[in-house]
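Single-structure report; data block below.
To keep things simple, chains are lettered A, B and C as they appear, and every chain counts its residues starting from 1.
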Amino acid sequence: MLESRATVGPYWERPLPDDEHLARQVEHGREELLMLDARPPAELNQLTLARMRQTGPRFWMAVAGLGVLTLAFFTAWAIQIVSGLGITGLNRSVMWGPYIANLIYFIGIGHAGTFISAALRLMRMDFRRPIARAAETITLFGLACAALFPIIHVGRIWKLFYMMPIPNQRELWPNFRSALFWDMMAITTYLIGSTLFMFVALIPDFAMARDHTTGWRRKVYGALSLGWRGTDAEWHRLEVVSNILSFVIIPVMFSVHTGVSWNLSMAIQPGWHSAIFGPFFVVGALYSGVAAVILVMIVIRKTMRYGYFMREEHFNAMGIFLLILTLSWIYFYFAEWITNWYGNLPMEKAIQAMLTGPLAPLFYLMLFCNIVVPLGTLWSRRVRTSLPAMFVIGILVQVGMYVERVLIVAGSLSRNELSFNWVNYTPHWPEVTVTVGTLAFLGLLYMVFTRFVPIIPVWEVYEGQAMQETRRVGRAVVSTRTEVH
Amino acid sequence: MAEEHNNGHKWTMIVDVDKCTGCQACVVACHAENNVPVSSEDEVIRGRAMHWIRIERYWEGEYPDVKARFLPVFCQQCGNAPCEPVCPVYASYHSTQENINIQVYNRCVGTRYCGNNCPYRVRIFNYWAPRFDAPLEQQLNPDVTVRSPGVMEKCTFCIQRIRRGREQAKIEGRPLEDGEIVPACAQACPTDALIFGDKWDENSRVAQMVPSERQFKLLENLGTEPAVYYLKGGEAHVGE
Amino acid sequence: MADFLLLGLFDNVETTADVIDEVRALGVQDEQMMVMSNVPYPARFFARKPARLWFLPFVLGGAALGALVAFFLTRVTTNIYPIEVGGQGLHPVPPTAIIYFEMVSLFSMLGAFASFLLQNRFPILTRRMYDERITDGYIGLEVRAPLAVAEQVVSVFEAHHARVIKREDAAAFKPQGIRHLLFWGAVGAGGLVAVLIPLLLTYDIVRIPWINKMDDTVVVGAQEGTRLAAPAESVPVQGPVFIAGEPATAPLPATDVSLQRGQMLYGTNCAMCHGMQGDKVGAEVGKYFPEIPQSLGARAAILSDQDLFRVIRLGKNRMPGLAENLSPGETWDIVNYVRGLGE
């Protein structure tokens, strides 16, 4: 490596202005904003790969803990397969319970990933740069875990292949008129699309990892990077395919959770048969998804020492996003509530009576977690940039959104037109074990993933840093952004 | 799509609520005929009573003016069945010959969407493997499948009897006569409150009883087009 | 004349653009140059033409394929096996629209991705000119030039303070050719095999014993094993025999005529399995029917006449019923004969 004798250096060696006042502003900007704080990629690459190469004892303790819970989950599932679904709390009126609520929940938290990496990319929002892949990983594993739930909740797993359109000698095909089939199509499309999108953006980072590792790691990353060199032709094609995939996957993302909500609203069950479920669930998904991304950001930042990449500005932006989603969720929930309340139809009144009556603790818990806490706190920048506060808010939003789904799925089913058939639902140990275990499984998959795959899309960070600068306007220094495309 | 008046039959059940005493003979007969297992007390408390036909009992009023109303409820074999389009594997479909809702046990994967969508909640799910303690397994009806755990089941209008009756008529080369096919519940009813027949046969009892003043359908406003007519006039109270 | 491949790493876009201008002035064509970087710099930063893109045909082709799949699922499957459900008709529009949307989206995304791989000729399986410091932020310029020009290009690199300069004989780098197509062909073949394996199972070409809890029920095997004996005195053992669908018949007295007829009929109908003396036929038959009693006479001694009559007429386990072969009178003759068989 030769010493450069050039007068203009690389983009990460921009000198400070001579004027002290301006220089201080530039330094302040560099402290605050990631995009202004360009450092040599050599250093940042090492930082990214550092925690991927070494794991401390706390990592293994976490793996052990999550592994035990995952094992409990699979054991509970195995027992359920052998004994039959009778060990759950489901009954002849409430035939869908937490397993379906889990399906909705896990697909839901995955939506933020696509929104952040695809929609924010198309909208050219820079704060997505360090967090896009972390969010997409939630999508990937959230979908994978969600896909387990149709298998868990079905009565005859060994015949589940009937639902797949495989040619067979009996010439029987699945029923495309069923909302469950639309779900299957939509989730498959979304899973494949997300994986492709994530993989395409990973290629340059695998190339970076290939160039900075040795041994078996180098071989694996080399294979995964497909021989990427970063030529202008390769980049051009990458940008275009990312645009195409972004454009296609955003409607697909909407359709997936709409499809999942249509599992409910296609039924004539009171409390379910509502046209607003489509958009309502999509907004709810984004809501719980963004909160999940915030949680993951906090954990990754701490455990993988990515404080350079994830700064206050990112948590602030995500906090504002979360607040917007809180307001949207409140709007949809209120619209649903007031429609049912005002119409006074007996069935919907019965369901609302149940929510405010026997199920009141859960109902008010949901309202507290989804409305009171976020609305009361996210207005303040101090809260949005305080990691402990955001962690708590993130957890509460997860709890609130989960309770909301369970109330809709299991709550509504216990009330229907013939009051002789009103049967309440109580969860039993399999549902609890499976739910907790699946969360642990998701966490475990995520943890292992972050040690093998660079969870920060560093090339996007460098792209932003290379294209952003500061400029002097009057006595102040402002940051500029260049539109490159 | 409305059922077309074709060469098939429109099997219809008439329930005369005025005559029903709530004796539950129909329930027992159905259990015996259709190999429906008897649920334990714990299971019933958990809300899993397995009855293909059940007598819904509603109390009205306060003591000492309490009145009981009985309503036998079973699969209404809806013309516009909400349970049919939602099954992803076609385990629940509409027969164009008998014009009733058919449940195919060996196709059912147990997603239970149909059970949720039935407003009458007449669809039963086998949460456990059906148990028939000895010697009840010797009493099982060989004409009816014994279900496995994880499949949905429901009243079939004793389709095994319908099919056997039709085969018999075909072998003998004659049309079906009214009253020849009787489901187990109608056969057991002591007060003749359950009347079964082909509505498209103008001479059948049901065809003549359908245009009655007392006639109503259950949850008719949902548009499910049930094949079951209830007859009730005046105040049909027990013990009055 | 042998070509050389040269690689120079530079600090920033301006320097690289300057170098490119000067190298172009030396007569090197645009196609002989390649810029490599760790962030996407548009080609116009270097006054280069952007690469030709071939996405549209693949995306449209994928969309068409998706529409075809959706057409199959919605139109063709319901025509192969039409099943009526819930008043919706066989081809309702809203569910059809959903399936079309999903499949068109899926296959157009797959088409775009396939096009991305093919245009870039991924995976690149041959050695290429590269330096790892490109992912450390330095911009690489690869130039392909004959020997004489190569020396001049190297001096241009040095003049612009290149961090790294590499020079190699172009012959050391084999062209990719169709290697990636062979790679994807192999992957595709593997995928095809994987897809065809389920078809072997669904078309019953390969039968594997699969879980079926239907045969787990009490019904299976309920009638196998010893038949339950009727409780004592619950079944009349004297008097006429009643068999459903037949007139009742009473036993015939065991006269000589009856016994003779019985022996003849027994020889024709029963001896092949039971032996003329009721002592079971030889080893071959006995091997296949271990349940045939060793001594028919001994077995008959514990059964009533009516039971024997029923067994002969209706059969028992694997023994066929002879109701179609024998009249009731003939059956009673055999019963009388069997009674006379010794232990």
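The rule is simple: a contact is a pair of C-beta atoms (placed from the backbone, for glycine too) under 8 Å apart; a residue touches a chain by one contact, two chains touch by 3 or more.
Since we're looking at a predicted model, the values are computed, not measured.
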Pair exhibiting more inter-chain C-beta contacts, B-C or A-C: A-C
Most remote chain, CA-based centroid, reference being chain B: A
Intercentroid distance (Cα basis), chain B paired with chain A, Å: 46
Separation of mean Cα positions, chain C and chain B [Å, integer]: 38
CA centroid of chain A to CA centroid of chain C, Å: 33
Per-residue overlap in chain C, given as positions that touch at least 2 other chains: 83, 85, 88, 212-213
Sites on chain A at which at least two other chains make contact: 156, 172, 174-175, 177, 181
Per-residue overlap in chain B, given as positions that touch at least 2 other chains: 82, 85-87, 90, 129, 148-150
Touching residues (chain side chain A, partner chain B) in the complex: 83-86, 88-96, 150, 153-156, 159-160, 162-163, 172, 174-175, 177-181, 184, 263, 266-269, 413, 416-421, 423-424
Chain C - residues contacting chain A, complex: 11-12, 14-15, 34-43, 46, 48, 50-51, 53, 55, 59, 73-74, 77-78, 80-81, 83, 85, 88, 92, 95-96, 98-99, 101-103, 105-106, 108-110, 112-113, 115-117, 119-120, 122-125, 128, 130, 132-138, 140, 160-165, 198-199, 202-204, 210-213
Touching residues on chain C, where the partner in the complex is chain B: 83-89, 212-214, 216-219, 222, 228
Parts of chain B lying in touch with chain C, wherever the complex brings them together: 1-2, 35, 78-87, 90, 92-94, 96, 105-106, 129-132, 135, 137-138, 140, 145-150, 225
Contact footprint of chain A on chain B as seen in their complex: 43, 46-50, 54, 56-58, 71, 73, 82, 85-90, 107-113, 115-117, 119-121, 124-129, 148-152, 218-219, 222
